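One chain, subunit A, appears in both complexes that follow, with subunit B as partner in the first and subunit C in the second.
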Partner chain A sequence: MTPEVVPDGGPQRSAVRRRRPLTFDRISFMVVFLGLPLAVFVIFVVSPFVQALWYSLTDWSGFSSKMNFVGFDNYVRLFHDDIFLKAVRNNIELAVVVPIVTIVLALTLATLVTIGGSGTGTVRGLRNSGFYRIVSFFPYVIPAIVIGLIWAQVFTPSTGILDALLSKVGLKGFADYAWLGDARTAMPASMFVMIWGFVGFYMVLFIAAIRGIDPEVFEAARIDGAGRFRTAVSLTLPLIRDNVQTAYVYLGIAALDAFVYMQALNPGGGPQNSTLVMPQQLFTTAFAKGQFGYSTAMGVILAAVTMLFALLVFTVNWLTGGRDRKVRR
Partner chain B sequence: MTTTTADRAEFVAESRVPGKGSREGRGVATTAHIALILWSLLVILPLVWTVLSSFKSTQEVLGNPLSLPGKLRFSNYAHAWTTAGIGRYFTNTVIVVGCALVLVMILGAMCAYVLARFTFRGNRLIYYSMLAGLTFPVFLAIVPLFFVLKNLSLLNTLPGLIITYVAFALPFTVFFLHSFFKALPGEIYEAAQIDGAGEWRTFFSVMLPMARPGMASVAIFNFLGLWNQFLLPVALNTDSRNYVLSQGMASFASQAGYAVDFGALFAAVVITVAPVLVVYIIFQRQLQVSVTAGGVK
Partner chain C sequence: MTTPNMSRRLFLQRAAVGTLMATGGSTLLAACASSGSDDNGSSGGGADKTADNPFGMADKATVDAVIFNGGYGYDYVSFAADIAQKKHAGSTFKVAPSTQIAQQLQPRFVGGNPPDLIDNSGANQIGFNTILDQLATLDDVFEANNYEGTKIADTLYPGAKNPGTFDGKFVAMNYVLTLYGLWYSDSLFKENGWEPPKTYDALLDLGAKAKAKGKYLFVWGKEAATYYHTLAVDSAIKEGGDEVRLALENLKDKCWSLPQLQGVFKAMETMVKNGYFVPGGAGTQFTAAQAKWSNDQQAILYPSGSWIENEMKKATKAGFNMKGIPEPTLTDSPKLPYESLRSAAGEPFIVPAKGKNVAGGKELLRAMLSKEAATNFAKTRLAPTIVKGLVPADGFGSTALQSQTAMLDAAGTNIFDYQVFGLYGMNTDQLVVWNSFLSGQTDAAGLTKGLQQITDKVRNDSSVKKIPVNK
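What follows is the complex of A and B.
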């Protein structure tokens, strides 16, 4: 908002945007409308992020005012911290597996709903599929912490419903199996819970994207003799690849967080830290041990990994042909 | 994965015998229904089991997990609501989420409107820093944020939590509404100005009502996001009297692990989930429209 008033007798350029006079109405408007939200944003979002970068270079313990600049010592320490490195590996594992499985499942279900209908000539949506859409979406409206708590109960040995069902169908070996207490299954079980929570939302998203495709495209494919499977893989997928990319980025970011789910399923990080994630380690280091400088360094690494991940997804999408999608459309 | 193989088989069959398309198509539809029913069961069964368990006594919970509750023990709900403090957490959550939602919608709409419809130096910079605020993990900010609130004496208070919720929901709100305000026709603004409306009048009586569909969508997303918020309250609101539902649930569950009142734990879960689930089922059409609008952008 620069008071750059164009004088009346100024050059008669066909000014597309004329400067409006600065009245009290306009000034008060700008101050309140821009100033108020920005103040909140700067104080509570921007400033903590900037401060974090500085704190990560100190040995600050928070409650004392003593704070020494230690350069990159925190980062060097992090790269020798076996527990933290384990958490980084777990996060990366999550960021690879959870988005892929979620997207494959969501796409499969969305495809079944949209082009699974019966019919000879045209590709039709499945009849009465509204019910599936509504039910699949349930997990999205359930708080993540509650999703975690419900599944923690389901997975509980002997009193959980999963072991009971498995032994009912004859798999007696699972009658007392601790899914979350065994280092072999703790991570897959946790991944499953996250996927269970995510699929419905992306299914609805993909259904909308597929419905947005011109039906004539499907007709043409049908006339050319493409079956449903073929249509889904070589027609639908390329046409909604932007949606898939967005979904991949969101899911990856969620998987790099995973804090709530892991806190509900295995607050301590699981057997042999098999489900420990960076945010959990950061939280403990900061609020239980009071090592604020060290924990913010973890936060910086987490942010860096998140950014790298997003960059990687965009690059891969671009390299594999996302760049010429405009031509194909 | 059985469905995909079935689909492939169906494709082969269909191309060989063109005349039998209709029956084959019905086969695909049946397969699709079966797959979707299986997934729906996977979603519903844990929830049904939770509801059933919420009526059980602790002995029953620790007994056979497949059994039905002997009788409907509503006392579990009473216990969860009062003794376990879920009632208190519920009230806190309604206060915090309600206030934060109203505030973030107003502030977000104002900011998005200015950014979308006024040109001034720094406009882009503000917009992109909002976008960055949307992508950066909150965990990076959480420790300094703790001390920002502490210095403002807002730590462990509901107003402190409300303002933090507003701040972290703001980038999303602005980002989403920006495109809505951008799409509004400029002539209407001009017309309002010519009719003598000031900037304030123009916004509140003309522009804001026109952005109502966008506001509704964002409000739904913000409501769910804030209602489910976990990290911010756990880190910044450690006074148990001020707990919100999500953290209250977590702390209740970690206690119940040993000192046990499993029936009440399941009841607490139902109390937390039921209101939002009911609201969802009533408004599901509107919500799915919102998801679509948000996702396509």
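What follows is the complex of A and C.
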């Protein structure tokens, strides 16, 4: 921007830049583009965080402005609260299963519609791949709450489509079977609904990433005799590693929340609390039981678990070779 | 411009962490901003208290009411507001509907500017033990004269104050009279020659007879599994009297092991084992389940409060002839007679003490208790209010309403009620236990253990304010 003369270029350049005089131009630039966003961030993101941390140390009921400081009592209670611990376990289960299954499915589909097509000529996807792409994106267009309500109807015993279909093909044992009402199937059924809702979007994300790879790389691999599976595992996956990691983190966050899906499928937490998630428990504790201090502590734990999860994903990616790529840049 | 020395990956990492903080934190955000001051709002008076204006509502004032918009709608309050408006020309009565009472009003309670009148009802009602000390007492409403010039207390069913009295303070006016019973189709029973059952033995017999006809005795839905909790508790209270009721109300140790409760649980366990319940209830939405009783007639009985007729109005078979009977007793010689009922008024209306116009909130209550407004409610909702004598003998053409009047007359003073489960917000946890029990995954012992755990958890939680019940 400022046409300054940099005699030797390179490393000295930045040293000179640091000493650039604070002109009105630069100050106004910093105020508008740094100060303002920072202020918004501090007021609307950081301060509620700090406030929430404070509430989690009180016995605030939520309906008055009176509260007493109780130290870490809420946290101690949380770790003795069997229902909350059950919710934590359910959330962790979700954060493990949902992202893995979704990513494997989305990657498979993305590979099929981009490089899974005919073995001769240019590398391309299956025939009519555009059609598959649009169809599989549909679920993502529907709001999560609607997805939940639709599937709740599908899973309804006796009048739902699923039981009717299974009975039709001769599986009489499934007549009147309560998919969401049996502790053995409620969680898998709910996970299925979430994955069904997510796959289309992540497929499109991966397609875009694969499209960004130079097609010559695939052609070279094919000339070298690599099959489709080998190409996908040894070539595509490492090249779109960053996208997979981002997808994993996003999906993990969605799975740690999962509030909308679970509230639509089983508002009460499911049979034997098998589908209860932390945000649901937080919600009832706050509004039905009037214990905002305690429920804020749940929120803090939820945030901590979420951050731990992200840290874990980054660490795993780094340990499994993600760091090697930095060298190349 | 120079590009910042930051790799794309690093950027992605930071972006991801940023989003993650925002997402993980959004749940925290729900609990923000409690900056309200604790000063007392004006108690809303201003004008002198006269016979026409017993609470001293100021001239040309505004009254702000938030009404739960559930099964009864909210237009019955608008109707009363119009009447009040005529009495107080120049004042404005605003009536707003809501289905999220707790979520919507929580910031207003904290901020010290709650509405003047709230119908604190529905699944998202505010727990009474959390706002008890912020509510105005309503004794003066019942002491005042109604719009027809009679003292309001004299126009009400006895015990109208009980369900809204906590710790000796009358703070909630429950408007709609509700009673609990078993509901059935009179035409179906007559057609098959069935007798409405009075004991659990008769209930089991009827279950076998229904099964012979390819029908079920009961049906349940996942959000309403605790209707069977109500049935079991009511039957046990009829069997054992106050001893059972007070043990439950005061969260006593081992209260669920009382023989009266165990007897009922055992009978229910037999029903579940014999397949007298429509299967799959734990996965069925409750109104869909209720339609299996009122429309498909797969099940022949349903335990519920008297709102059931209004709730299922659009999903009831023609010629159903809905009737109600008191809940059955365990033996032939219960402590309370078979005719005794759990009855209490529902739809609690509260007036926050810090509202801008407390007198106005009470004035609107007075309008609702007027003959005109209460008759309008009974006629349009097919449910009686706490104002007595407004339902004609023909029950506005409803057999269910007729049988309600008959049940209340037969019960006389043998009316009981309890509030423990709603007071401490135990329903969500109890639903889980009952769904397991009714679908046959646990037996009576498992049910007892589950319910006792929920009770013990509340009793041992020092942060929950307990309200002892002595009578």
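In this text, the second predicted complex is superposed on the first by the 274 of 329 C-alpha atoms of A that agree within 3 Å, B and C clash if a C-alpha of one lies under 4 Å from a C-alpha of the other, contacts with A are read in each partner's own complex, and residues count from 1 in each chain.
Note that contacts are C-beta pairs under 8 Å (C-beta built on N, C-alpha and C of every residue); 3 or more make two chains touch, one makes a residue touch a chain.
All of these numbers come straight from a predicted model, not from anything done at the bench.
Asks: Based on the superposed arrangement, let me know which partner A:209 touches: subunit B (first), subunit C (second), both, or neither?
Replies: first
Asks: Looking at A:198, would you say it contacts subunit B, subunit C, both, or neither? Reply first, second, both or neither.
Replies: neither
Asks: Please indicate which partner A:127 is in contact with in the superposed arrangement: first for subunit B, second for subunit C, both, or neither.
Replies: In the superposition, A:127 touches subunit B alone.
Asks: Using the superposition on chain A described above, determine whether A:143 touches subunit B (first), subunit C (second), both, or neither.
Replies: The answer is first: A:143 touches subunit B but not subunit C.
Asks: Please work out whether A:267 is in contact with subunit B alone, subunit C alone, both, or neither, and reply first, second, both or neither.
Replies: Both partners, subunit B and subunit C.
Asks: Which chain, subunit B or subunit C, is in touch with more residues of subunit A?
Replies: B
Asks: Determine, under the contact definition given at the top, whether A:229 touches first (subunit B), second (subunit C), both, or neither.
Replies: first
Asks: Can A:48 be said to touch subunit B (first), subunit C (second), both, or neither?
Replies: both
Asks: Applying the touch criterion given at the start, work out whether A:155 contacts subunit B, subunit C, both or neither, answering first, second, both or neither.
Replies: Touch partner of A:155: subunit C, not subunit B.
Asks: When the two structures are overlaid on chain A, which partner does A:296 contact: first (subunit B), second (subunit C), both, or neither?
Replies: Both partners.
Asks: Just which bits of subunit A does subunit B share with subunit C as contact spots?
Replies: Dual-contact residues (subunit A): 1, 17, 45, 48-49, 51-52, 55, 62, 152, 159, 246, 253, 256-257, 267, 279, 282, 286-287, 292, 295-296, 299-300, 302-303, 306-307, 310.
Asks: Touching residues of subunit B toward subunit A in the complex: what are they?
Replies: 3-4, 7-8, 10-12, 14-15, 21-22, 25-26, 28-29, 31-33, 35-37, 39-40, 42-47, 49-50, 53, 61-66, 107-108, 110-111, 113-115, 118-121, 126, 129-130, 133, 135-137, 139-148, 163-164, 166-168, 170-171, 174, 198-200, 203, 224, 227-228, 230-231, 234-235, 245-247, 249-250, 253-254, 262, 265-266, 269, 272-273, 276-277, 279-281, 284, 287-288, 291-292, 295-296
Asks: In their shared complex, at which residues does subunit C touch subunit A?
Replies: Touching subunit A: residues 1-2, 7-9, 12-13, 16-17, 19-25, 27-38, 102-103, 106, 109-110, 112, 124, 126-127, 129-131, 133-134, 222-223, 279-285, 288, 424-425, 428-429, 431-432, 435-436, 439, 441, 463-464 of subunit C.
Asks: Subunit B touches which residues of subunit A in the complex?
Replies: Per the stated touch rule, the residues are 1-2, 17, 23, 25-26, 28-30, 32-34, 36-38, 40-41, 43-49, 51-52, 55, 62, 105, 108-109, 112-113, 116-120, 126-127, 129, 131-146, 149-154, 159-161, 163-165, 168, 196, 199-201, 204-205, 208-209, 212, 225-230, 232, 243, 246, 253, 256-257, 259-260, 263-264, 267, 278-279, 282-283, 286-287, 292, 295-296, 299-300, 302-303, 306-307, 310.
Asks: Under the touch definition given earlier, write down the residues of subunit A that touch subunit C in their complex.
Replies: Against subunit C, the touching part of subunit A is residues 1, 13-14, 17, 45, 48-49, 51-52, 55, 59-67, 77, 83, 152, 155-159, 176-183, 242, 245-246, 249-250, 253, 256-257, 266-273, 279, 282, 284, 286-292, 294-296, 299-300, 302-303, 306-307, 310, 314, 322, 325-326, 329.
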